[in-house]
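Multiple structures follow.
Each of the next two complexes has chain A plus one other chain: chain B in the first, chain C in the second.
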Partner chain A sequence: MADIEIEIDGNVVKAKAGEMLIAVTDREGISVPRFCYHKKLSIAANCRMCLVDVEGAPKPQPACSTPINEGMKVHTQNEKAKASQKAVMEFLLINHPLDCPICDQGGECELQDVAMSYGSDVSRFTEGKRIVANSDIGALIHTDMTRCIHCTRCVRFGSEIGGIMEMGGTGRGEDLKIEPFLKEGITSELSGNMIDVCPVGALTSKPFRYELRTWQMHSVANIARHDLVGSNIFTQTYKGKVKRIVARDNDSVNETWISDRDRFSYEGLAHENRLLKPQIKMDGQWKEVEWDKALEFAVRGLVDNALNTGGGNKLGALTSNTATLEEFHLLQKMLREVGSENIDYRLNVKDLDNVINLESTIKLVELEKVDHSLIIGANLRLEQPMINHRLRKAALAGASIDVINAMSFDFNYRTNSENIVSPGQTVAILAEVLKSILERSCAEIPKYLGKVKIGDVAKCIADELLESNNSVIILGEHAINNPQAASIAKLISEIAQQTGSTTLNVSATSNSMAAEMVNFVPGQGGLNANAMLAADLGAYILLDVYPQYDFHNSVQAIKSLDNKNTFVVSMNSFRDKEVARYSDVMLPIASFYETSGSHINIEGVMQSFAAAVSAPSESKSAWKVLKVLADLLELSGFHYANSEQITGEISNQSHKQKIDNKEINITAKRGVSVIWQKSPYAIDVLSRHATALQATKIGQMHNALMNKATAKKEGIKEGGQYLGVPVIITEKVANNCIFVHANQSTGDKS
Partner chain B sequence: MISNKAKKQIDTWIQKYPKGRQSSAVMEALKIVQAENENSLSAEAIAEVADYLDMSSIAAAEVATFYENYNHKPVGKHTIRICHNISCMLNGADDLVFYLEKKLGVKTGQVTKNGLLNVKKVECLGACVGAPMFQIGDTYYENLTEKKIDDIVDKLK
Partner chain C sequence: MIFDIKKLIKDFSLSELRSGMKITAKELVNKKITVQFPEERTPISPRFRGLHALRRYPNGEERCIACKLCEAVCPANAITIESEMREDGSRRTTQYDIDLFKCIFCGFCEEACPVDAIVETQIFDYVFIDSRQGSIMTKERLLKVGDNNEKAISEARAEDAKYR
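== the complex of A and B ==
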């Protein structure tokens, strides 16, 4: 890439013509102070801090907006450069309060650092400083706008990365203020990044306010497990507690951003609801006991109720999808050792004979290079913020985005077409698209498409797919309980194959890729989650399962588990009323960031992490508990000294590629369908206990949305309740569809 | 709040910009809407303009608060736009503002009881040669003194 040579501080440096000077100095490790420049944001050149002396230029030039030229001679440290930097610093400090001792940014403040190197030791300014009122912008970010130096990074972040311009500079000159419009506050799902980009203490983390100084904490590189990306983070800890999470750069995963869910969920770790001591149920009463007693009790229960009476077949294992790769592996290994294939993690799927089987064939970085995308059944922005961010980059670069959804969502980019169809119609429209594609490529039309009539919408989508060179079809979570989920997935693979498109399956989130990798699904003769609950098993091992949130039909699940002949060993990180009702043993386990393990992201990339803190009180890492349980069950091959040894033993055992020969069913289903979606901030137990996240607008999505016609048909009135949540009538929802945002499951309605 | 007539006027301005750049018409749109609403812009009006031009409310508010010709509070029949920028300030603009406030019995930003007048401090109007100065309607009044102000202001109806 080295095209030209320039001279910086007397050293010859190779660089690419047209690069900005600051990019070259950054790469070469030459320090140039700056506030408004950020490598991922547009250039504003408004702070003037990066002034350097360029030979031949009459005035000092801002390094951030000066493109380099062959033979350019730059001085970053000479008299002229230093004098200008010092002068700018003095201006910036005129209105900045000297409140570092009570400022949360102190110790990690760019202004503080730069003032140390470039500022004067005595202020010449004796006039009054300006004071700016703070705005309350929500539960996540605290503002101290008097400290603002108007770099506009937060404004640019909003309009360029977040996709909604929420902060802006109002007024002018001395009256310029950075603030949101009226009292609207900040609603972006990526808003926490504004805290990271703010170079001063104007925007700081609200949950972390007045907690600690940055140098008191220990930073541990870690992985966030709330979505399919596995964003790279630093967990910052103090005396064994996670105190804050900040983003860690990784251009192939999350660049420099993380979602608010990844940033603020840690708050849940300190929640009073943590399960801290092993407990056993004796004569209907819970009793706290030592670990060895509890494990002994658990093993005796498993043996008596399942292994000795009916063999392995009587034992089942269910997990939530947030477990680590190692936990999934150990649990399935244990079950298979005792001869049980009753293993499952897909608790929220209504019909496990009708599941989505679709490979993801695109890398995250490639996602921003697509020229077309077809999104089906996803509110991508809230459900997979970082994936949406990549796609948004593609959209801004000109990619056209087609959407087939049951409801109109706020996209933060322009869509080419947004087709709102009821879940029952999704399969029909995809069949039309496929037929249109086959017709135009003069391919043979399979029998099942024979009678399909191609509508205009399908024709347009087919056109886009055929015309694009690099298209991706994204299938989202709303399709999992579609009556034709399997057919939808098959049609998508077929369409992708015919058009050379890639596919992205975001229908199951968190660490579900890890579960698939170790084949945490029933094998030959095994029962799936729903079949287990219907089969009256003798014993269960449940790993971090919270029935009312995790199961598709929680009422039935609880009823089935709460059977006096069923012995339930629950391993949980949080206490839960329902878990206590049906369990016989509750074993406290470590939550996020308290255990080592691995996350598999949508690309299949394994990212391993260490524990940032130790598990509280008597709780233990789940892999250790599983290992000891296996030992007590006298199974061999469970001697591990650390979780890396488990990781080493794992190979890709996914059986996803197994062919199933069921035919594609393309008949549109009539009648009203219900789609149940948890709030994006309630998808796992840790986020549900993070107070600040729950206080945000996204955290408070509790409503049942439907259009007028559907409401009338179902006899529902605006202001009423549907499945326990308030009804909102809106024409944004497709006809014959009820979109339920409720954290607790809606039973068999969906 | 935006009348159909105003929308039509805004549309002619939108036509002047390339497709998809309708937000470029924001300054004219704000002006049109302000003229319809007794010469001042409420936050709701700004939000509606933003909505009509498919831009974020705060981006429209940035424009509306940057320029002095948009008002955010009720105004009188006549607005005395007095310059307080460098040249005028050095020539005693601040004293004249104080004098005006005393004379009219209102602070800058407030409207006289009869609804006739309000005083607004503005940035340089490009008439430094005749500093201190103010503008009423389309007329510039230069080389102001207290007496001259009395003559001008007392004649306003």
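== the complex of A and C ==
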């Protein structure tokens, strides 16, 4: 597009032909009022607020839908423009209630602001106003539809970004109502963004309702740690409490959107279940003590039970994957200083000798430019909403998406093919794909592929991969406990190499990239998580571990931690019955947004954040606790004044891909396999305590899904229970597969 | 010389004393303007800005809707409000405190209030009997002042309405 020159308010401005006028004025910092226009949504031009005077046009033109032309002369401030803006404002206010004092949008309302600058000071309207009935659209969004000005931003958000058109306009003229089409309300995993796009107070946050006025809060730039994206957010705080979270623009990370999990999980911070005081166990009784006493007790326990009796080898450290980069680093540094390599964060993996080793080689921004994608073992939409959003953009632009999953999921874009195969078969299908690709490119076929017979499905996928110029293969969370996880990852690398595709590994979430970066895995001679639990260690340091949720085999894990001779130091932000059962010391630590630190996203980009609020009561940031523990253990090199000093010390220690010569095993596994997953809003302790999130449809996902044949084989009936989870019989699941979503703690998952 | 004689005559004729006594004699029979406070009170302007009160609607419902405009406008930061959704879904305060030590009685809160809930009454003779805490008018105390003086408050407002 060529550069052209236009004149706005007498100033010559350069722009690209075909751009909309409002994009030019926004870039130039010229204020044009608007309601329906949103830079990330399509143009509706139905609010008419952005009328400007274009020379030569008989009537004022809406800036949002007027493409610019060479030599165009525009007036945004002349009498004609101002008069039409004032008139439109008057029309918009005819049916808008004057309830700003009780409206949660008051103070950050676009209508309020624009009415102040462009409206009239008195109302000439004396007739009755329209009243619209509200509908309950779920636990997250409160509606006051009388306030709606029909800008349709929420409707366009649903159809264009969210991918399900849940809100829509019914009726016309005076009777036009914006409402959800279905009774069950809004179920999208990105629904909270509707609150942000709504220019008035028609859609507001339900958990935040009537709590504060917007001007009372203090906004702190922060990073959400719930997924692999690290969405940029503002944590808004009042009197030392996080009261609301809103999105912060960052085009290379989350654009202007954030997922509901990032937006509403803050509610958990104020949960009564917070661990607030250090506690030690004396003769089987918990006793609240001062920090120095608790730390002294912890250090004595660690020294007596591990360091003095068996050296470092008797000590182990386990964390959940939500810890910050700095916490991972300090804990592994501490363990390695005392001579222990028993370090691990992969608690939910059944077989740690069979793990996924796959680099992510694509940037988030590039993800929306791919022309083909192969998704393996992921319910991307709920697990990684922002990554799915990028992929959806690609799909809308014409990318073909192939899926190999154990269950049919609700994708919010059209898939080219959705292949539902049991986890045991995944490796076989990938082998077929690889062989097909090798055959097509006349390359040498390795021995292990010799006997593979290429099926139609594999051939189609191989064709797609070969034909595309820019393809990405995405490996998801369902593969982590696949009997051939390692082989799957290797096959994917091989396929990617042969076809020039990029790969994206979303098999571990939250801040697991940070754990990898600081090498939070056992080194030479160290034990991994499962081996530690089997090895009967003398002492453990556990960082924010909640055994029923975090361990793959929680029953076994609790049993081995609950050993009389094992001294367990637990650092937790929330109280937990099981933790209390096996721990000897419980140290209260800061949760999300209460500590400074860093998140590493899937691109490997480090995003550091400061604490938005201080930790409640006596709890402390985990990095401070670890620092003092190390000091008390008389280790040197732990004198940090702030977490930035720790960040500075961390070099990229990411262990280079270990060359293991284990052969790729492509024998399909027979028999029933189980994919056990925490439901999307139960992946970390904070989300689990967020009441509103848990009340949503996604939060209520607590079911074991299987098809009729599998149920018969396992002797399970509809309405029964599978390992304490209610059973649903559906043909969506592959044969020989049980797919479990659990939002509550349950027993044995093996 | 002439001045001295005039002064002498004036002094000796007790003319100043007489003019003084004349006023005294006149005021002796005139109506008195002093009042016996607190039994008697002088008239007060309807715009007088005295002790604060929170008003109710005639049906007993409190007027305040927790919009916090008074809190925002208060130049002395004397007002503290906490709000929540009441069980019936309406927006109400759970705490409404005015620190009278901080308050400068500017009347901005009254001006800002969209529902005439917070008002400054004509009461000026109040004391804080119990410690510093006494200076903080809580929601209960403010509502009580409003309840006890609703007649005077509404009369004052009605009287001033035509000038607003």
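Definition applied: the second predicted complex is superposed on the first by the 738 of 750 C-alpha atoms of A that agree within 3 Å, B and C clash if a C-alpha of one lies under 4 Å from a C-alpha of the other, contacts with A are read in each partner's own complex, and residues count from 1 in each chain.
Keep this in mind: a residue touches a chain if its C-beta (ideal position, glycine included) is under 8 Å from a C-beta of that chain, and two chains touch if they have at least 3 such contacts.
Predicted model, so just to flag it, every value in this text is computed and none were measured.
Undergrad: Putting chain B and chain C on the same copy of chain A, do they fit or clash?
TA: Aligned on chain A, chain B and chain C fit with no clash.
Undergrad: Figure out whether A:M282 sits in contact with chain B (first) or chain C (second), or with both, or with neither.
TA: The answer is neither, since A:M282 touches no partner chain.
Undergrad: In the overlaid three-chain picture, which partner chain does A:V365 touch, first (chain B) or second (chain C), both, or neither?
TA: A:V365 sits against neither chain B nor chain C.
Undergrad: So which one touches more of the residues on chain A, chain B or chain C?
TA: On the superposition, B touches more of the residues of chain A.
Undergrad: Under the stated touch criterion, which partner chain does A:W215 make contact with: chain B (first), chain C (second), both, or neither?
TA: A:W215 sits against chain C, while chain B stays out of touch.
Undergrad: Write the angle, vertex at the C-alpha centre of chain A, between the C-alpha centres of chain B and chain C, to the nearest 10 degrees.
TA: If I round to tens, I get 80 degrees.
Undergrad: Could you look at A:P180 and tell me whether it touches chain B, chain C, both or neither (first, second, both, neither)?
TA: In the superposition, A:P180 contacts chain B only.
Undergrad: For A:I164, select first, second, both or neither according to whether it touches chain B, chain C, the two together, or no partner.
TA: first
Undergrad: Under the stated touch criterion, which partner chain does A:G106 make contact with: chain B (first), chain C (second), both, or neither?
TA: second
Undergrad: After the two structures are laid over each other on chain A, how near do the C-alpha atoms of chain B and chain C get, in Å?
TA: 28
Undergrad: Report, in rising order, the residues of chain A that make contact with chain B in one complex and with chain C in the other.
TA: Dual-contact residues (chain A): none.
Undergrad: Across the complex, what residues on chain C touch chain A?
TA: Counting only chain C, the residues touching chain A are 65-69, 72, 83-85, 91, 114-115.
Undergrad: Could you pull out which chain A residues touch chain B in their complex?
TA: Chain A reaches chain B through residues 159, 164-173, 179-182, 184.
Undergrad: Under the stated contact criterion, what part of chain A meets chain C in this complex?
TA: 100-102, 106, 209-213, 215-216
Undergrad: Taking the touch rule as given, give the residues of chain B at its contact with chain A in the complex, in rising order.
TA: Checking each residue of chain B against chain A gives 43, 47, 56-59, 61-62, 65-66, 123.
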